[in-house]
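Two complexes follow with chain A in common, the first pairing it with chain B and the second with chain C.
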Partner chain A sequence: MELTGGPRARLDVSGGTSGGVVVQLTGELDLASLPDVAGPLAELLTRRPQPLVLELGDLTFLDSSGVSLLVRIANHFDQVRTRSATEPVRRVIEVLGLADRFGLDEA
Partner chain B sequence: MPSQAFPAWPDSIPAARRYVSEAMDQLPAGTGQTAALLISELATNAVRHGGHEFVVDVHTFPDEGRLWIGVTDSDTGLPVLRTPAVTAEHGRGLQLVSTLADSWGARRRKNTAEKTVWFELRYAPLDLPG
Partner chain C sequence: MLKTPPRRLSVVVALLMLLITVVLSFLTWQVNAHSEQSLLRRQLAQVGTLLGSQAAVLQVQLADMALVAVNTDADPAAFARFAGRELQQTGQSLSLWRLTDGAAVQLAMQGVAPLLPEGTTESLAGLRPTGELVMLGILPGQPDRLAYALMPAESNTDLVVYAESPLPPDRRLTVPDGSPLYGLDLALYLGDDVDSARLLQATAPIPVRGDTETTTVPFGNTSLTIVGASPSHLTGALSAALPWMVIGVGCVLALAGGTTLEYVSRRRAVAERLATENERLYRQQRGIAGTLQHALLPVVPQISGVEVGARYVAGVDELEVGGDWYDVIARGPGCCVFVVGDVSGKGLPAATTMAALRFAVRAYVAEGHGIEAVLAKLRGLLDIEVDHQFATVLLGELDATAGRLRLVSAGHFPPVLITHGQATMLDCPVAPPVGVPAPAPAPPTVVPVTTRATLIAFTDGAVERRAETIDTGLERLRVAAAAAESRPLEGMLDDLLAAVVTAEDKDDTVLLGLRWS
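Right, the complex of A and B next:
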């Protein structure tokens, strides 16, 4: 999705059906859009460590600055699984050797 | 060959991606995707370390199936390739460049306060009309 004139990225948190947390990322995640998600990220990182699902179906671009955010989330929460990553996003995670860390093929 | 200067602030990172994508609209989709990612990494480094502006140069050689992109800024410190742990939050930009580019490098220009970090991508040469 194209976000123009406003925030370029969004981070939404919801409860999972079987407990745990679902984090949905939308838009393009790079150094320029990290401030767009800083508020919800700070709130997310105050939650107790628990299983977490990253829902990345609407994340169209991710570079190493965006990966640093995913690593922060993975470091804080117990188990992370990644769902429906788009092809460019999946490729970045795989190339960096983070597929296991982010549970890329387990969701 | 296309060349454009960008102010060294974060909004220039997506702008540089768009610029590169528009400069090479005839390339295979996978090559374009990789180029967008790698320009994002080099622009990010320029914004974080490189002074008040950076210049993006795009050279395409469709008959050879070769794309060269360089980012020039006014910081003479050369980039360092690192291998971060899975829990490390930073240090992965050049790892992507070195893994996905067919070749890459950095050079300083003598008697100037400039450096260029560049990468090259190869793809199947296009059948161009004419």
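Right, the complex of A and C next:
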């Protein structure tokens, strides 16, 4: 675990019109990097419920704290769909029984 | 501040500083006194010179008169004329005498009549022609007088000049301002020792008080002894006050030093006491925390027909428990319910939620619920939106006698079953974790088991590593389990723990092993 350096995780939001929002997560999402995305997350959770697309193609690590964050996002929006995910992240979601919850397509 | 007596160190330091002060003050006083004494001695030497020259003045006066008398063949008129000029002092008596056949006869006299007490003329008769001023003593009278005489140093003369000078009343000498004698207490004695009967003059009551100095100077045929003291400080007021200033400042410094030291050492003592108290409280809290944490860890039960073993590693160094847990509840011979769970997050928040879920599982099982019902009831206890936590839970029901294993999973890994050298990750539908909304309860998986098998349930700490996918970790565990099957259960768990736990990527880890035959 890195103890120095800049943020290790990023949360970017795009869209937000009738087409729904796209949330892109980048980096390593764990207990230690949760504060890095706290600001954008709070803003995201103020939006009205609408279709949501998760872009996890650049997310290289996800622990249970990171999964909590994804669950809170998914709970807030309707029709969650995960468009891309790295293999480690996909497997974490699958073993937690959350593939359906995040709309994760079969690999 | 001083509710308790001061510390010995403060007192010692203060006393030491006081001692140094006293010594310094004493030295200053000594130096000052020495200077004082030396200055006084020098002043008395000046006084001596001054008075010695006075003798010379008297000698010249009488010698001049004697010379006039010799040259005028002792003409009384000439003597009177010359002596009259010399009579500067009122009350002085000047007379001219001739020594004839061992007796002195007065030839002429000027000024007041001489007192000439008994024996004076005999004294005059005994004079020799030396030209030296001869002091004849102090004559009692009104006022007392100093008598002196001179016989000129002429070989063929028999003339003597005799004088009496009045001494001031009470022998009191008044020194005018500006005189080198001014400011000194002085007493002048005729002769070479101090004898109040031969006191000539004094500026102060005798004997002279204080630190006195004595000097003796020649005065005619005798000496003059001068005793002096200085009532004021010759070295100056500052120099005289210096010892007192030293002692004053020293006392203040000693007191301040002692007080400061006392203050500092008391503060330090308070700090040390606080540190000790904090240390004690910390130990106490640690003790309490340790006891509570131990209470959260389950005791492996004794079940006939089923051997149970477990390993528990907390991911946070300061804690003995974390968010992971396991439990085994006996349900009769060869029968038990087991649970392995993992609350998301780490440390104390995870551990407290873990404790709540663990005891809830025990309670629901004790009420006689099946594992599906227990899982459904657990879902009501945790909500990620409220608690910001979720928990993965694997519940299992083993009936070794009937050879049947039932499993339900809420986001948790299925266990590994090892039998006859083969290790298999059991396949089990996984519902969302507890705390995450689940659309419908997952049906339990029923696995037929042979006699003599080992089941290993675990948490993600055993298989997750940052640099690899979970499948790699799962495979590592499976292979290690197969390899260790022949070992006794405890040894097998040790082997597995060593194989899966790394020092750098430490997470809460549980390994629960059930073995039946």
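Everything that follows uses one rule, which is that the second predicted complex is superposed on the first by the 98 of 107 C-alpha atoms of A that agree within 3 Å, B and C clash if a C-alpha of one lies under 4 Å from a C-alpha of the other, contacts with A are read in each partner's own complex, and residues count from 1 in each chain.
Here is the rule we go by: a residue touches a chain if its C-beta (ideal position, glycine included) is under 8 Å from a C-beta of that chain, and two chains touch if they have at least 3 such contacts.
Nothing here was measured: the structure is a model prediction, and the numbers come from that model.
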item	value
Partner chain(s) touched by A:Asn75 [first = chain B, second = chain C, both, neither]	both
Chain B versus chain C as contact partner of A:Asp58, first or second or both or neither	neither
Which superposed partner A:Arg8 touches (first chain B, second chain C, both, neither)	first
Touched partner set for A:Leu96, first chain B, second chain C, both or neither	both
Chain B and chain C contact sites that coincide on chain A, given as residue numbers	28, 31, 61, 63-65, 67-68, 71-72, 75, 87-88, 91-92, 95-98, 101
Chain A-facing residues of chain B, complex	10-14, 17, 33, 36-37, 40-41, 44, 47-48, 86-90, 92-93, 95-96, 99-100
In the complex, chain C residues that touch chain A	342, 344-346, 384-385, 388-390, 392, 409-411, 413, 429-433, 435-437, 439, 442, 460, 464, 466, 468-471
Of all residues in chain A, those that touch chain C in their complex	28, 31, 61, 63-65, 67-68, 71-72, 75, 87-88, 91-92, 94-98, 100-101
Touch list for chain A against partner chain B, complex	8, 28, 30-33, 61, 63-65, 67-68, 71-72, 74-75, 87-88, 91-92, 95-98, 101
